[in-house]
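Down below are the structures I want you to see.
Next come two complexes built around subunit A: one with subunit B, the other with subunit C.
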Partner chain A sequence: CISGGLPKPTNITFLSINMKNILQWSPPEGLQGAEVTYTVQYFIYGQKKWLSKSECRNINRTCCDLSVETSDYEHQYYAKVKAIWETNCSKWAETGRFYPFLETQIGPPRVALTTDEKSISIVLTAPEKWKRSPEESSISMRQIYSNLKYNVSIYNTKSNRMWSQCVTNHTLVLVWLEPDTLYCILVESFVPGPPRLAQPSEKQCVRTLKDQTSALRVKII
Partner chain B sequence: QEFRFGPCRVQGVALQELREAFWTVKDTVQAKDNITSVRLLRKEVLQDVSDAESCYLIRALLKFYLNTVFKNYLDEAADVRIRRSFSTLANNFFVIASKLQPSEDEMFSISESARRRFLLFQRAFKQLDIQAAQTKAFGEVDILLTWMEKFYEF
Partner chain C sequence: LRRCLISMDIHPVEETFQEIKKTIQAKDTFQNVTILSTSETLHSIKPSDVCCMTKNLLAFYVDRVFKDHQELNPQILRKISSIANSFLYMHKALQRCQAQRQCHCREAATNATRIIHDNYDQLEVRSAAIKSLGELDVLLAWIDKNHQGTLVA
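Presenting the complex of A and B:
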């Protein structure tokens, strides 16, 4: 194909969550809708040559899963993509140096809530690292990031009051809450270090139990 | 917050500040490094470093960064952001290096294996044109900081 006959793909970046590393890009300017195909290559920093991924050669979609190829998260990588249309093709569009260990987003933890009259117990389970196949043993992101922390946001739907707490271990008990009140909880994982995009957990709402003592007092009167 | 490189302790350095300093210029600095087939801080230099070795190794690396990488690089760094990041890193590297006192009575084999690791790094550096090597070493500060974090108590 005639190289440079097409504009390059744009916005080429890695979208990385829990070490699942997806290369994504936008079609070249002015070619949206045309029957453009793409070819991807990747490079391990410090090694000698660019490598191809057969599943991402002459593809129509604008993304390519490079999780397997970039699974050693202590390495650094580059990736590039070019557009092909009929007999023309673009020059390569290249990412910056991608460092999974520092750049992967840490997904939200699993959140389990149990309520009492004036307290809510929260148990957090760290997200799991991406794995090649379901049979592969699971690795918790906490095993990779020992300094993994959580930001717990709590919202009292009656008073509209919201506050948040930073948690290092995986349990938290919220006390001095109002009985018979709906509380909504969101949790984000984070690791001290370079700024990373954060993905909050699904909002979960639970109601504290009715105050048993006042119910008893009513009975007595 | 404290670094514990084996017997060597360093307090009063905020690792997060170093990270942020480098992160603001990472793309700019790494984009200037065109020799992507060479990685100075390879796995053989930094992998499985024992606590005992770590004090020797980190001191050698930081001194090299201060005396060889940062010293002349400044002339070329016109961009204000790079200068600011540069001085934050250089000042903190100086503070850490000056507080490191590896013990003399450690077994010779430990300091020797640390020295071999450092020589791997230095040899790779010297095989490049000096300015390209300085740019590459500056671009690999994220690798260095990630390794240093293993010895950091939050």
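Presenting the complex of A and C:
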């Protein structure tokens, strides 16, 4: 194909969550409607040559899963993509150096809540690292990041009051809460160090139990 | 024997580097060569050799990389100087620890350090310096990971 006959793909980046590393890009400008295909290559920093991924040769979609190829998260990588249309193709559009260990987003933990009259117990389970197949044994992101922490945000729907707490281990008990009140909780994982994008958990809401003592008092009167 | 660990919070240094990383790494056009060669050097270092290896790496950056690098952009230069000062501080702290004989240098750390210097010497000095700067994220992540624990230095 005639190289440079097309504009390059744009916005080429790695979207990385729990070490699942997806290369994504935008189509070249000015080619709406054209049947453009793409070819991807990747490079392991310090190695000798660019490598191809057969599943990402002449593809229509604008993303390519390079999780397997970039699975050694302590290495660094580059990736590039070019656009092809009929006899023309673009020059390569290349990413910056990608370092999964420092750049992967840490997904939210699993959150289990149990309530009492004036307290809520929160149990957090660290997210799992991406794995090649369901049969592969699971690795917790905590095994990779021993300093993994959580930011727990709590919202009292009655008083509209919100506060948050930073948690290092996996349990937290919220005390001195109001009985019979709906509380909503969001949890975000983070690793101290260079800033990373974060993904909060699904909001979960639970109601504290009714105050048994006041119920008893009513009965006595 | 208590280990020598860096007491300084390294995260501000990581954040400073993060701000110039893309610019610095973009200047490094030799993708097929690395200076730190982590799998042959840093990953083979045992806890007992961490202090010596850290001291050698800090000295490598202070005595060679920061001196060999020439930067025209004043903002980048300011960030690099800030990082260099932090390295100087950490290096002095580990030197004090060595004086108290708690920072032994064994063959593993010495060999790993030599590999790094050899890698550096194979490139033209400006290219070697810019490549070494571009690998600061790797070094800082290694220091952060290996210096968590009881603080001495």
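The working rule: the second predicted complex is superposed on the first by the 221 of 221 C-alpha atoms of A that agree within 3 Å, B and C clash if a C-alpha of one lies under 4 Å from a C-alpha of the other, contacts with A are read in each partner's own complex, and residues count from 1 in each chain.
Everything below uses one rule, namely that contacts are C-beta pairs under 8 Å (C-beta built on N, C-alpha and C of every residue); 3 or more make two chains touch, one makes a residue touch a chain.
Everything numeric in this text was worked out from a predicted model, so none of it was measured.
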Fit or clash between subunit C and subunit B when superposed on subunit A: clash
Subunit B versus subunit C as contact partner of A:Gly30, first or second or both or neither: neither
Contacts of A:Tyr45 with subunit B and subunit C, given as first, second, both or neither: both
Touching partner for A:Phe101 - first (subunit B), second (subunit C), both, neither: both
Partner chain in contact with A:Glu74 - subunit B first, subunit C second, else both or neither: both
Contacts on subunit A seen with subunit B and repeated with subunit C across the two complexes: 43, 45-48, 74, 76, 78, 96-97, 99, 101-102, 147, 192-195
In the complex with subunit A, residue positions of subunit B that touch it: 15-16, 19-20, 23, 26-27, 30-31, 36-39, 42-43, 139, 142-143, 146, 149, 154
Touch list for subunit A against partner subunit C, complex: 43, 45-49, 74-76, 78, 96-97, 99, 101-102, 146-147, 192-195
In the complex with subunit A, residue positions of subunit C that touch it: 11, 14-15, 17-18, 22, 25-26, 31-34, 37-39, 43, 134, 137-138, 141, 144, 148
In the complex with subunit B, residue positions of subunit A that touch it: 43, 45-48, 74, 76, 78, 96-97, 99, 101-102, 147, 192-195
